[in-house]
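Each of the next two complexes has chain A plus one other chain: chain B in the first, chain C in the second.
Showing the complex of A and B:
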C-alpha cells in the first residue's frame, strides 16, 4: 500500500512539475503482461477435479513503469499471481509491488536505492536477474553504486538482501549480500591503446553473504566469501575470455552440508569473420551453489549464476530434454561452427546457405573419498576431493546438432535440423532408476511466403528414443497475415510411449493479434508434462488442458 | 569528492574480502540444547521421492539433538507415495495426510517438505529440509501456551487403543482450539527411491526403514474442538477408543496428540507416547 501511495505522490509531483514546465524532456516507459489459464479436467491425461484441486483459473501478471528525467530514474513493478499458473511455486501466490527503485546516473557515478539487478563478469559470484517465464526473480533490495573515476574504469558496489517471493526481510533470517567489482578496459583507459588491434579487459569481484547461524546441528560460517577474476583478450578476429571463481566453505542444503571450498572456471575462445564463426567454450564447476539462504533449495535466492554452455533449442521436441546446470559439479565443453556457403556456389545457390554445427557435452566431476571411512559427500565433512582436471565418466548431457538454413527463392525458405541427444534423466530430473535418454530428433521448418502479407509455415518434428516416454511426432501449421494476425494448429503425438494407454495427442489451436506494441494470443489445447529451462535454470511444467490467454503491451 | 568515493570503494572491497568465516573441525555441534516446549515436525514424504531419504536423515539428526522434545511424524502423500508394485507395493497414505497435503500445498511445492508446529509465514506453511533446523530451534525456545499429558494402552486383545489426553492452557487466548490425535507406526520396512549415496544405495534402498509413519487420525482430519476461548488455567480432558488395523505391528505403535489454534493451525503443545501393552 505504501508503494502505491509513494507512486501517487510521485505522479502528483510529476503533474505539478509538468504544469510548471520542469518535466520537459522526461520519459515514461512501461510494459504489461498477463498470462491466464483456465483449467479443464482431462481424464486421459489424468487431470481430474482432485488434481486441479478446485482451481479453475491461474493468472500471472505484471506491470512495470519507469520514469526518467535527466539523470534521474524511478520505477516500480506490480506483480500478481492469483493463483499462480500450474508449475509455478505456490509461494508465488499474492500481489503487490516487489520491485521499486530510484536512481541517479551521471558520467561519474550511478547510485540506485531500492531494488536492482546486477551482474559481475559472467555472473559466477553475483548475478541478480528476473526471468518471467520461470517465475524467477532474485532482485537485490538495497543500495548499488557504480563509480567510473576514469575512462575505461568501472567500480561497482552492492549491498542488500534478495527477493524471496513475498516474504519480508527479517533480521537473522535469510542473508545479506554485499559485493564489489572492478573492471578496467585497458584500451579505453590508456590513450595509446585505443586504436590497437589487441584488446584487454580485466576485472575482479568479491562477494560476501551474511546469514546468522541458528542451526542446531552444524557450526556454520555466518560470513561466506566468493571471489572471481576475469580476463578478456581480443586480437583482430580472435577473442579469448576466461573467468575463475572461488568460494570458501559454504555448507548448505544444496551441497548436503559439506565444508569444501567451491571453484568454477569458464573459458571461451572465438573467431569470427564474414560468413564464418567458430566458438569453443570450456567450463568446470565444483561445489559452487551460492545462495543467500543456506537452508533453501530450488530456484530462489541464488547469488551466483552458472552460465550454460549448451545450445538452447526453440523447437518443442528438441527442447524436451533441456540441460539444467549442476552447481554441485559439472565439467563441460561446447564447440560451434557457423558457416555461410557463399551465394552463387553449387551448394549456396542464389541466396547462400547457412550451416551450423554445434556439439556440447557435460560430464559429472570425479569425486574422491577423503578417507576409507567417510563416503563421498558425507554431511559435516569436507565432502570429497577433486583435482582441477578430474572428470567423471558419467555423462550428464550431450547434444550434437546440425542446422541447415536455406532460402530457395523469394517465396520459399526452410530450416532443417538434426539433433542427437544424451540426457541423464535420473540425475537431471530426479527420475530414479530411469535409463539415460538417447534420442534422435529431426525438424523441418518450411515457410511459404504467399505474398507480402500472407505466409504459411509448417513445422514437422520427430523424436525417436527407446527411453522415457518413447517416440514423439509433432506437426504445426501457422498462417500469418502480416503484421497483425496469426493462426496456429499443432499436435504432438507421443505414439511410441511404452505404456499404450499413455499414447496421447497433445493438440493445440491458437490465434493472436498484434497491433503496434500490443499482442494478444488465445490458445486452446493440451500441454504435455515437461521442463522449461532458461539459461540453465529450469522449471517443471505439469501436464495441463484448457484455455490460455496471453496479453502483452509496451509503451 | 572523487577521493572520498575512491576511499569508499576501497573500504567496501576490503570489507567484502575480509567478510569470510573459515570453519575448522569439528563441524558438528555438541552440548546441551535448551527446550521450553515440545515441537512437531511433519515430514511429508513418499517412497518414490528420491530426495526424501536425505530429508529423513535431517529429521533423524534433529531428533538426536532434541530427543523427546522433538516429535517427528512421517506423512506419505501425493504422487511419490502412490504404490507402484512390484517394487513399491506399500501404501502408507492416509486420508488425513492427503487432506493436509492439499491444505498446505505440499505436493504443489514438491516433496520433501516439512511443517514445524504448523507455523506459517505470509501464508506459507511448508519448509524445505534445510530450513527445519533453524525453525525447530526457534520454535523450541518459545514458552509453551498449553500443557498436554497423554496415555495410550492396548485393550481388547491388542485390537484397540484406549487413549486419554489431559491438559491445560497457560494463558488466556481468543479463538477456537482443537485437540488432534494420530496413530503412528515406526520402522515399516520397504523399498525407497534415493539419490543420496551417503544415505544408502541409489537409485533404490531395499529394506529401507520408514520411521514414524502416520497411519491414521483418531478423532478426524481436523481433530476435536476443546475450547472456544481460553482463560489461563482452563483444563481439558478427553478419552478415545481406537480400533487398529490388523496389519500394523503393535510393538511399533505410538500415539501423537497436539493442541492447535483453529484460525491458523499453529500448534501450542504436542506429545507422543508409545502404546503400552495390556
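Showing the complex of A and C:
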C-alpha cells in the first residue's frame, strides 16, 4: 500500500510543480503496461480447479517515469505481480520500485547512480538488461561512469549488485560486480584514417565478481575475474567481428563445482551489397556460466550473456522448439544469405522477390577425462579437458530454413517458409529418455489488401514430426483496419499427438485497438504448453485456458 | 483493490501529461558498421524524420519497413522526409542485421540498439513502434503495431509537417 501512496504523492507534487511553471524546460516521460489473465478450468487440457489452485487471476504490470532537466535525468519503475501470470517465477510475486536512478549526461562524461543496464561488447562478460515478456531483469544497482576523453575513445566503469526479484542485497549472500571496458574507434581517433576504406574498432573488458566463501567443503575463489577482447574490421562491403572471453575458475551449481577456467569466442564475417547479404557466424563456449551467485541456477543473476546464434522464429509452430544457449559447452555455426531477386526479372516480377536461406547447427563440445580415476565433470576437480577445436558428435540443435517473400500486385502479398529442425529435447528441455525431435515445418502467410486500410491476413502452418507431441496444424485469420483495429481467429490442432486423448484444438479469438502508443488487446482461448524465448532467455509456459488482457501506453 | 488504484493513478497521470511534447533523448547506440552514434545526430535539415523500431524476429516490423521502402523515393521527393530504422536485435543477431538490410534493399538509415537503451529511453514497450519527428526535433506523433495501410495515415502527417497540405 505504501508504494501506491508514494506514487500518488509524487504524482501530486509533480502536478503542483507543473501548475506553477517550475518545471518549464524539463520533460517528463514514461510508459506503462498491464498484462492480466483470468484462468478458467479446462478439463480436456487437464486444467481443473486444483491445478489453478484457486488462483484465477494473474497480473503483471509496470509503470515507469523519467524526468529530464538539462543534463540531468532521474527515473523510477514500479512493478507489480499480483499474482504473476502462469509461467513466470513465483518469486516475482510482490510489488514495489525495483529500479530507480539519477544520471548526469554530457558529451564528455555520463554518470549514473542507482539502477542501470549496460553491455560490454557482445555481452560475453557483462550484460545487464530486462525483457518484460519473460520476466527477466538483471539490472545492476550501483554506479556507472562512461567517459569519452577523446574522439573515438570510450571508457566505461560499473560497480554494484544485481537484481534478484525482490530480494534485498546482503553483502555475504550474493555477489558484487565490478567491471571496466574501453573501446577505440581508430578511424575516429586518428585523424589521417578518417576517410579510410579500412575501418577498425578495438575493445577490451575486465569484469570481476566478489562473493564470500561460506562453503563447508570447498575452498572457493571469492573473486572471479573475466576478461574479453574484441575486434571489428570493416573493408568496403566486408565486415569481420570477433570477441574472445576468458573466465578464471568459478565453481558453481551451474558447472557442478569444477575448477576449470572458462572461455567463449564469437565471430562473424559478412559481405553485403544492395540486394545481397551473406553472413557466417561461429562460436564456441566452454564452461562460461557467469552469475553473481554461485549457488543459483535458472534465468537470474547472470553477469555475462552468451548469445545463441540461430534464427529466432516469428511463427508459432516454427518457434515451438527454440534453442537456448548451453553455457557449459557448445560449438555452433550459422550461415545466412539474403537476396532480392530484382524487379522485372522472371522470378522477380514487378516488385522483386525476397529470398532468405538460413542454416545453423550447434554441437556439444568434446570433454576428455583428466585421468583414469576422475570421471568427467567430477566436483572439486578441474572437471575435464577440451581443446579449442574439440567438438562432440552430439548435435544439440540444427535448423535449415528457407523463406520467400513476394508481392504479387497491390492487393496480394505473401511470405512462405520451410524449416527442417533437429532438437535434442533431452538436453535442452530436460525431458529424460526422449528422442531428439526431427521436424518439418511449413508456413504460408498471405495478406489480401481489401482497400487502402482494410486487410485480411491468413497464416497457415504445419509441423510434421514423429517425436514429442507429433504433428500440428495451425490456421490464423486476422482482419485489420489500419492503423486502429484488428480481429483475430486462430486454431492450432495437435492432430498427430501419439496419445489420442491429447489431440486437442487450441482455439483463440482476439481483438485489439491501437491509438498512437496506446494498445489494448483482449484474447480468449487456449494456449498450448511451450517455451517463449526472446534474446538468449527462454521461459516455459504451461498450457492455459482463459482470458488475457494486455494494455500498454506511453507518454 | 491495490491493482485498481495503481491502474487509476497511472491513467490519471497519462491524462496530465498528454500535452507534453518530447524530443529524442540523448543515447549512444551504434551504426551498422559498429561505430558509436549519438542520437543527437538524428536530423534532417528542418524536414520531418520517421524513427521506427524493429527487429529481425518481428514480422510486422519488416512488413512496415518494406512498405516504407517501396514509397520512400516518392515520399522523399515530395516532403524530404528521412527514415531511421532502429534494430533492437541483441548480440545474438546484430551481425546479421547489415546483410539482412542489404538483402532487403532498404534505402534508409539503419541503427543498432543492441541493449535496448534507446528503446527504453523512448518508452517503447512493443515493436513495431514508429515515431514522427518534426523539423525542430520534437516528437509529434507515434504509433505502435503495424497493419497494411498504416503507412498512408503516417504519410498524411508527414505531408502536413512538411507544409504540403
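The rule we apply is simple: the second predicted complex is superposed on the first by the 531 of 555 C-alpha atoms of A that agree within 3 Å, B and C clash if a C-alpha of one lies under 4 Å from a C-alpha of the other, contacts with A are read in each partner's own complex, and residues count from 1 in each chain.
In the analysis below, a residue touches a chain if its C-beta (ideal position, glycine included) is under 8 Å from a C-beta of that chain, and two chains touch if they have at least 3 such contacts.
Please read these numbers as outputs of a predicted model, since none were measured by experiment.
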- [ ] For A:449, decide between first (touching chain B), second (touching chain C), both and neither.
- [x] second
Task: chain B versus chain C as contact partner of A:400, first or second or both or neither - done: neither
TODO: Have a look at where A:214 lands relative to chain B and chain C in the superposition and call it first, second, both or neither.
DONE: first
Open item on the list: For A:189, using the defined touch cut-off, is the partner it touches chain B, chain C, both, or neither? Pick first, second, both or neither.
Closed with: neither
Task: Touching partner for A:516 - first (chain B), second (chain C), both, neither - done: second
Open item on the list: A:147 in the overlay: touching chain B, chain C, both, or neither? Say first, second, both or neither.
Closed with: first
- [ ] Could you look at A:271 and tell me whether it touches chain B, chain C, both or neither (first, second, both, neither)?
- [x] second
TODO: With both structures superposed, pick whichever of chain B and chain C touches the larger number of chain A residues.
DONE: C
Task: Shared chain A surface residues [contacts with chain B and with chain C] - done: none
Open item on the list: So in the complex, the part of chain C that touches chain A is made up of which residues?
Closed with: 2-3, 5-7, 9-10, 12-14, 16-18, 20, 22-23, 25-26, 28, 33-36, 38, 56-59, 63, 66, 70, 90-96, 98-105, 114-117, 120-121, 123-126, 129, 141-150, 152-154
- [ ] Would you tell me which residues of chain A are touching chain C in their complex?
- [x] 1, 4, 7-8, 11, 14-15, 18, 27-34, 59, 61, 63-66, 68, 73, 78, 80, 82, 95, 105, 107, 117-119, 121-123, 127, 129, 132, 146, 154, 183, 185, 187-188, 199, 201, 232, 234, 239, 241, 266, 268, 270-279, 281, 305, 307-309, 311-315, 334, 336-340, 351-352, 354, 356, 405, 415, 445, 447, 449, 452-455, 457, 480-483, 486, 512, 514, 516-519, 535-536, 552-555
Task: Contacting residues of chain A [partner chain B, same complex] - done: 53, 89-91, 93-94, 108-109, 145, 147, 149, 155, 157, 159, 165-168, 178-180, 182, 206-208, 210, 214-225, 227, 248-249, 251-254, 256-257, 259, 294-298, 375-381, 426-427, 430, 432-433, 540
Open item on the list: Using the touch definition from the top, list the residues of chain B that touch chain A in their complex.
Closed with: 2, 5-6, 8-9, 12-13, 15-17, 19-23, 26-29, 33, 48, 50-51, 54, 57, 61-62, 65-66, 102, 105, 108-110, 121-124, 127-134, 136-138, 193-198, 202-204
